[in-house]
Each structure stands twice: as structure tokens, then as C-alpha cells.
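Comments concern the structure below.
Labels for the chains are A, B, C and D, by order of writing; each one numbers its residues from 1.
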């Protein structure tokens, strides 16, 4: 059960932190349609956060709801992977990250929605996977168009890919929590998702005329266990300010 | 001219003017300016509220705020499209915004300083906007009228959400109530300014009203806004920051203080609290996004070439 | 007495927030000597904060010390002028702001150290004025050298001057609090400092070959009464995080 | 050569070598590399601690931290000056840092994630640095030796401040104690790595020791560090994250686990948690500062010309 709680926090925190980063674009997008699409993605992710952290709190049974978990844990207690907390960067970094994460996220949710031994998990995943499927299509499309756009857009996309690549390994690196959930049939064997992810990523990058780095390269780890980058603390200071400054208030 | 007369007759009969119809050059120009300014206001208006997205106090409030700011971008989109039917492209309009040749609503040059401001913007600013826009659903230009119908529906939803935030704050802890009162204090007069200077000082009004581009006078709308808003403030237990505010039985409306019009003109001149920051943010977004737009355009050209080559090869 | 408290908060908050902005350069300065000098300035300002807010808390007599005032007030309760909370910008903005503020700060502290009817105020001012005198010399020197440096450094300094100028009026705009303190002989008549400030600023800008804007131009006001820019909230979210997240802990 | 022999004799007798003295090219090169790396480590080392200046929990802690990071910049200054006496300018050294041709201490590629890390950096990282540096006060090269004397004095002050933070945290609330333990867990092995790989794997050691550029072996210093640090951790009530740690009566020191040297070499290769961010921050500071340095230089040139013109006119 503590492993289940941890694992749900990982799902919820990934959505929360990626949603936060995505929402930073609101009002600052390169073109109106993109501004709207990014806000929409952020909105979906906040919705997923509510479902995953809500279930986590319920399961924990100590009276913490999704807001309590989102707003009153410090960085050490966050369980998102490092990839999602990196600064939003330019649109190349933002869209490449979305693509790399969505390709994984979509596989994971697809598996969960049809195979998870937990009906609650399967139900949430089934709701979320529809939106993530759309995010993935959109991100893939943008990666292709910018990769095969101008020399500059190509260069920026390749740079973004190389910056982010060492952070993708964490998605597939199972620890004890992942193994327990996989043994219980709640979650997939992460290593088994890797092949399909690489195929999807390779296909899109090829179409985008981008060069895929070596998947066996160095991987930055630690987020799932609470060892983050220096960025997360700043995200939380901003995000949690009102709840911290006015404890117990209702909004 | 007879053409102009025929045009005016159609307007008077309440017919909608459509993009392909003949229209006087002044009508077109006035509409482009008005719709363009409105579109710009929507996208600049994303900024003060966007300022609190990363700090929204609960996940639900964050989602509601995100959806709202997204709606505003959507309104911008409809309005730029409506302006395009008059033969001016979105890029041309944005260029005029960025170079300072076109304005946006001055209200967005005020900062959002505490969470209750997000409530106040929805309640007062969207409230005043709706007051301006509801009559424009009957405006003579078809595409504009249809855009306003869509927009008004969403705006009144936003206004209710804003009022709900104010309610929570006004009924919350003493700190929260202080924030709510502070937000009302700061947004009250700027909201009244949203209707523009008094009609006696307004230049373009008569012609615009004849063309049904403008439906009511500024003072009529301002009075209507005050009449509707004051009881709402009372219901919240907040004090409207106007010592002269008093019910006038005879006119069946409130007497109230005029806003400080010298402040209004200073803000229009560029001296508002956030004019520079708002414009810098928009220009930066546009300039930083150039490579992105260029990249998509280059891809589109390549894709078109490929399709052409493929269809030639297939022949 | 509430006016005295307010007024002390203004002094303390100016030092705290300008110190915060200055400290943001630490490790990121354009040259090592400058990095050190900026850290030193920030350090002095934090020292002044401790003295002014310490005295404010003592005077208030409700058990709030300098840390409580610095870390547990939200933006509405902060009394610094808007000038000091603007983002640090490039070194042109940072040094021009320091110059414009120090020229005022130095006049103010000089007056307080020799004329204030409050011995405690005079004592703190006497300590602070030595450091601020050095800050002013250094900032003046840099303004002259960059103004009369390359075409680019000149342009940046002029841009910075025009950006900051509308925020200088607040320094001399007395409100009821200022008037009460001035009537009590604790503080100077702010309007009377203005002439000397303008002379100093005009001399240095002239030597720097920069064009002084019209002193009678539009002034951004509100900070002294708690109506700030949108920037202050973000400063406080970061600065106050630990005290807010771990209430009552001792560090 | 006889010159080399005479040089070695001076070193052996404990005489200081000064900038104008003859010295073997290898000696000069090794010193430039070592002093340069040390200088770079000081300025890159500002970053992980600087990361918490704006978030320090009290005004006093903020002041202490600012003073400390400022000291590090000062150490950078002394060391670049010492390197300059060997004929290499600060700008040349910085250029090599920015282009990746010169390294800095790998410890600064680890992130500071909670406030206790500021304590741990002072206690462990400065502690290990002092262990390395104290013997270097007796190094053969005069300017380097004198720089180390100044630096060691300040570093041991920093170490005590760091330990004081750890003490507060370890004796604080359960959350604070968790932070302290977490900081120790993350910094323990990276600190042991600061002494470099085991002597048997170290290439340059023998010659450097003969020249008194290096005084003790890596393993000697590491053992000494462990022996001093473990009781300090115990006193804090914290657990050193090493299951093999045990007092060895015979050698009068602790047995301990080797750090993961594959991690060490990965970090050196650029794959540490923060390598990219640290270098990006330094390069950005340098590039953003170019106009500033150019401006000051241009002014200095003009001022010199004016002085010259004035003295010509006076003649």
C-alpha cells in the first residue's frame, strides 16, 4: 500500500509539474493557436493531477486530498521524474519534452486502461489516455514540422533533443516501487514499454530529419525517489505560496 | 451618395452587412479599429490573469483560471478572424499593436496584486466588458455580431466565476477579506473608465451610433454598470470606494463619482502601471516566436512542393 | 507611533528588497570584481534591514522581530518603493538603479544621522551612511564609465535611465506618514531632499554623457502604501518559502 | 640538467620558488593547471550555494551565506592572480574553462536541494577542501603557498559555519532532521571523491610530490577526512550512509566503502547532475557581461588619452 501511494504520486506529480511548466506559456506563445493548445494541454494535465493525487490521498487514508498533496509537500516528497521539472526553455524544448514524455505517457496509460488489476487506476487511465493521445499526435506533428522546417528550427529541435535525452532514461528505470506494482498487476513492467517507445520516437525523429541519440547513454535519475534538480524548489515556492502563507484558508 | 444612402437604409432596417457587401470606407476603417482593439485587448488581457496561473491556490482554481485565459485567447482568435473579413490580416494588426499604433483596453495596464484580483477582474472587468458587448451582438456588421454572440456567452460565465472567487474571499479569513476589499478598491475606478470618457467629450460617437457600430452611449452603459454592481458589492459585504455613492430615487440609479480622467489619459499615453511590461511581454513573445512560425511555414511550403511533385509524378 | 512603525518598515523594506535584487547577481556577475562588489552591497543592505526592521518590531511591541517582519508579511504589507522591486535586468539597469537610489538614500541617511530627533534612528543611520556613501561612489563611478564607454554601453545606460526614471518620483512624494515623521523631527521633509538629489544626479549623468529626463514627468506611486508591482509577489514567494513551509522552526 | 638539479635542490631544502626564478616547464604547466582548476572551482562553486541566497531562512543566515559566497569569489581572485605570476592571464584561463578545456572540481556538479545542503557543503565540501589545502600552504611555489594560507583561514571559518547549520538542522524539527540526513546522504560519497582516485590509479602524483606541488597522497587525505568527519556526524546524531563503516583499531582509523568511481568518471565526462547548468551559467554570465567589460575598457582608454592630451597641453 505505501508502494501504491508512492506510485500514484509519481503519476500525479508528473502531471502536476509538467502542467505547471506548460502553463507558463499562457499569454506568451509564439502564435495564438499554439498559446491556446498549450493552455489546453496544461488544463488536461491539471485534471489528471486531481484524479491521481485524489486517489493517492484516498488510498493513504490520512485525510490528505489532491490539494493537500499538491500544495503541502516540499520537494523531497515529490515523485515526478526530472524531465518534467526542467525549465520550459524555448518552444523547441517545450515541444520536444512534450513529445518524449507523451510517447511514454501514452503507452503507460494505454496499458493501464486495459490491463491494470486496479479498476480505479484503469478508470482514470481510460479518461486520461484520450487526452494524451491527442497531445501526442499534436506534439509529434510539431516535432516533425519544426525538425523539417528551417535550418534554425532544425538546429533548435536537435539541441532540445540532446538536452532532454539524458532525462528520458528515468521513465523506464524501475525501482522497487515499480516492481511491486508490476508484480501486483497494477502497473506494467517499465522495461517492456521501452521498445515501443523507442520505435515511436525513432519513427517521428526520422520523419523530422533529426538524429536520435544513443538510447543506452547516461541517464539522470532520482526524481521518482525524491532527489530532484535545483529547479523544483523554485516551482514549489511559487506554486504553493498562497496555501503556505494562509494555512487553513478556503479558496 | 446614393450608395451610402442605400447602405444606411439597410443598417436602419436592421439588416446585417456582410464581408462582400459594399460599405463606406469610414465604416470599414472604424470597424477595423474597433474590432482590432478588441482583439488586442483579449490577448493583452491574458497577461494580468496569466500572472496568477502558477500561483492559483487550489488545483480547481488553477484549472478554472487556465480555462478562462485560454478562452480569452480564443476570443482574440474570433475577433482577428472577424477583422480579416474586412481585408486586414492578423499579422498586420499585430504589427500595429507591437509598434504602438493600435491600442488595447487600458484596464489591462493595471497589475493583479493578490488572488482576489482574479476575482475582481472576472466580476468587474468582464462585467464591464459584457455591458459594452451585449448591445454589440446587434451591431450591423455580420461577422462582428456573430463573434460577439459567442464571446458574450463565455464572458458571462467568466463573470460568474469571478464573482464566486470574490464571494469565497469576502467570506473567508480576515486576510482574505482584506484582499477582496483591496482588489475592489483598486479595480473600481479603472472599471468605470472602461466605458470611455463622458459622451460630451467623445468624438466619434454620433457616426458610429448611426452605423450601429456603437449602440449605447458611454454614460448610459457606465450608469447601468454601477446600478448592477453596487448591490453585488453590498451582497459581498464589501465597500465601494466612493464616498459620493448614493441611490438617487428620482433617476432610479446611483449617483457616483467620476473616475479620475487625468489618470485615464496618462494610462492611454503609456504611463499606466504596467503599459511597458504588457507591451514588452507581447513583443517578446512575438519576436521569440519568429523562428517557430518560420519553421512551420517552411515545412508547409516543402509539404506543398512534395504534394505537387507527387501529383505530377502520378500523372 | 503607527506612523513611526510604517516609516521604519519603509526604510527596512527598501533595504531588504534592493538587497534581494542585488544578491541575485551572486555568481553571475560580468567580471569577478563586480560580482564581489555586488555581493558586498547586498550584504550591507541586509545588515540595514536587520537594524531598521528590528527597531520597527521593537517599537511595535507585539513581539515581531526583524525576521518575522521580513518573512511573514505578504506583499500588501510591504512598504518599499516600487523602484527597488523591479527585476534586476542587465547590469545597466542594476547599476543605474543603485545610483538613483543611493543618491537619495545617502541624502536621507546623512540627514537622519545628524538631525533626527530619534537617537535610535540617528544611530542606525550613522552606521548605514558610511556603507551607502561607498555604494554611491562606486555606482556613480560605474555610471560615468559605462555612460561614456562604448556606443552600446551608452545606449544601455540611457535605456536603463528611461526605464527607471518614472519610479524615482516616489522617493520624494510625501504622504501622511512622511509628514508626521517630518513634523516630529524624526525624518526630513522629502521635498527638500529633491533639489540636492537632482543636482547630484544631473552632475553624474552629465559626466556620463547621458541625457537626464524631465524630473517633472509621470511618477509611478503606491509602494510606500502597499500597492506594488506584480514583481513583489514573486520575490516574496521565493524569499519566504522556508519560513512559510516550516512555521516555527529555528534555523 | 644541472639547472633542473639545482631547482630540485632548492625545493628539497624547502625554499620557495618565486615568479622570476627559473623553473622547469613541466613544473610551470602543472602549477598553471592546478591553480587554474582551483580558481575555476571557486567561481563555479559560487553557484550551488548561491542557489539558496534568495531563499535563506533568516536575515542572519542570508548575510552569512552572502559573505561566504563572496569569499569564494575572492579566493578565485587570489588564485587567478597567483596563476598570472606564471604568465597566464585570467581571461585565457576563463576561456579554457568556458570551452571545456579546463576542469573544475566535480563536487560542484551536484545540486543543492534543501537548506541543509548549505550546511553540508560547508561542513563536508569545505572540510575536504581544507584537508587538501592545508598541506599546500607548504607548497614550493611562493605565490601559491601564500594564497593558500589566506584561503585556508577563511575556509575553516566557512566549515565551522556549515557545521553550525547542520547542528541547527539536526537538532531541529523532524523535517529539519530529515533534511540534514538527506544532505549527508547525498554529499558523503561525492565529498570522498574530492580527494581523487586511489593513488595506485593516479598518474601525475610522483613528479608532483617531488616538486612539492602535491604534498600527501589522495588515499592518505581521504582517510584523514573520514577519521575526522565520522565523529562529527555522530555528534550531530546523523548516520553516515556507509554500511561498511567501522573503526579499525589496528590502523587507528575507519574502514569505509570506496565511492562509486564509475560515477566519478561519468561526472568528469560531463554527465553529472548539473555539469551542463553550471557551465551554461558561467558562459552566460561571461557573454552577457561582454558589453560591460568593453564599456569599462573603452572608458579607460578615453581617460588615458585625455590624461595624455592634458599633460601634452600643460607642457
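Keep in mind that, in the parts below, contacts are C-beta pairs under 8 Å (C-beta built on N, C-alpha and C of every residue); 3 or more make two chains touch, one makes a residue touch a chain.
It should be emphasised that the depicted structure is a prediction, and the values quoted were computed from it without experimental measurement.
Colleague: With respect to inter-chain C-beta contacts, which pair, A-B or A-D, contains the greater number?
Modeller: Pair with the higher count of C-beta contacts: A-B.
Colleague: With chain centres defined as mean CA positions, report which chain is farthest from chain A.
Modeller: Of all chains, C has its centre farthest from that of chain A.
Colleague: Approximately how many whole Å separate the CA-defined centres of chain C and chain D?
Modeller: Using C-alpha averages as centres, the distance is 35 Å.
Colleague: Report the inter-centroid distance (CA atoms only) between chain B and chain D in whole Å.
Modeller: Each chain reduced to its C-alpha mean, chain B and chain D end up 57 Å apart.
Colleague: Would you mind listing the residues of chain C that make contact with two or more other chains?
Modeller: Touching at least two other chains: 74, 233, 237-238, 241.
Colleague: Can you list the chain D residues in contact with two or more other chains?
Modeller: Within chain D, the residues that touch at least two other chains are 55, 175.
Colleague: Pick one for the touching-chains graph, please: line, ring, star, complete, other.
Modeller: Chain contacts: none of line, ring, star or complete; other.
Colleague: Would you mind giving me the full set of chain pairs in touch?
Modeller: Touching chain pairs, listed by label, are A-B, A-C, A-D, B-C, C-D.
Colleague: For a test of understanding, state which residues of chain A touch chain D in their complex under the given definition.
Modeller: 74-76, 163, 166, 218, 220, 222, 227-230, 233, 237
Colleague: For chain D, which residues are in contact with chain C within the complex?
Modeller: So the residues of chain D touching chain C come out as 43, 46-47, 50, 53-63, 66-67, 69-70, 73-74, 76-77, 80, 90, 115, 165, 168-169, 172-173, 175-176, 281, 284-286, 288-300, 302.
Colleague: Along chain B, where are the residues that touch chain C in the complex?
Modeller: Residue list for chain B touching chain C: 48, 51, 55, 111-114, 175, 178-179, 182, 186, 266, 269, 271, 273-274, 276-277.
Colleague: Going by the contact rule at the top, pick out the chain A residues touching chain C in the complex.
Modeller: Touching chain C: residues 74, 233-234, 236-238, 240-241, 244-245, 247 of chain A.
Colleague: Mind listing the chain A positions that touch chain B in their complex?
Modeller: 16, 20, 23-24, 26-36, 39-40, 42-43, 46-47, 49-50, 53, 66-67, 70-71, 90-91, 144-146, 148-150, 152-154, 156, 238-239, 241-243, 246, 248-251
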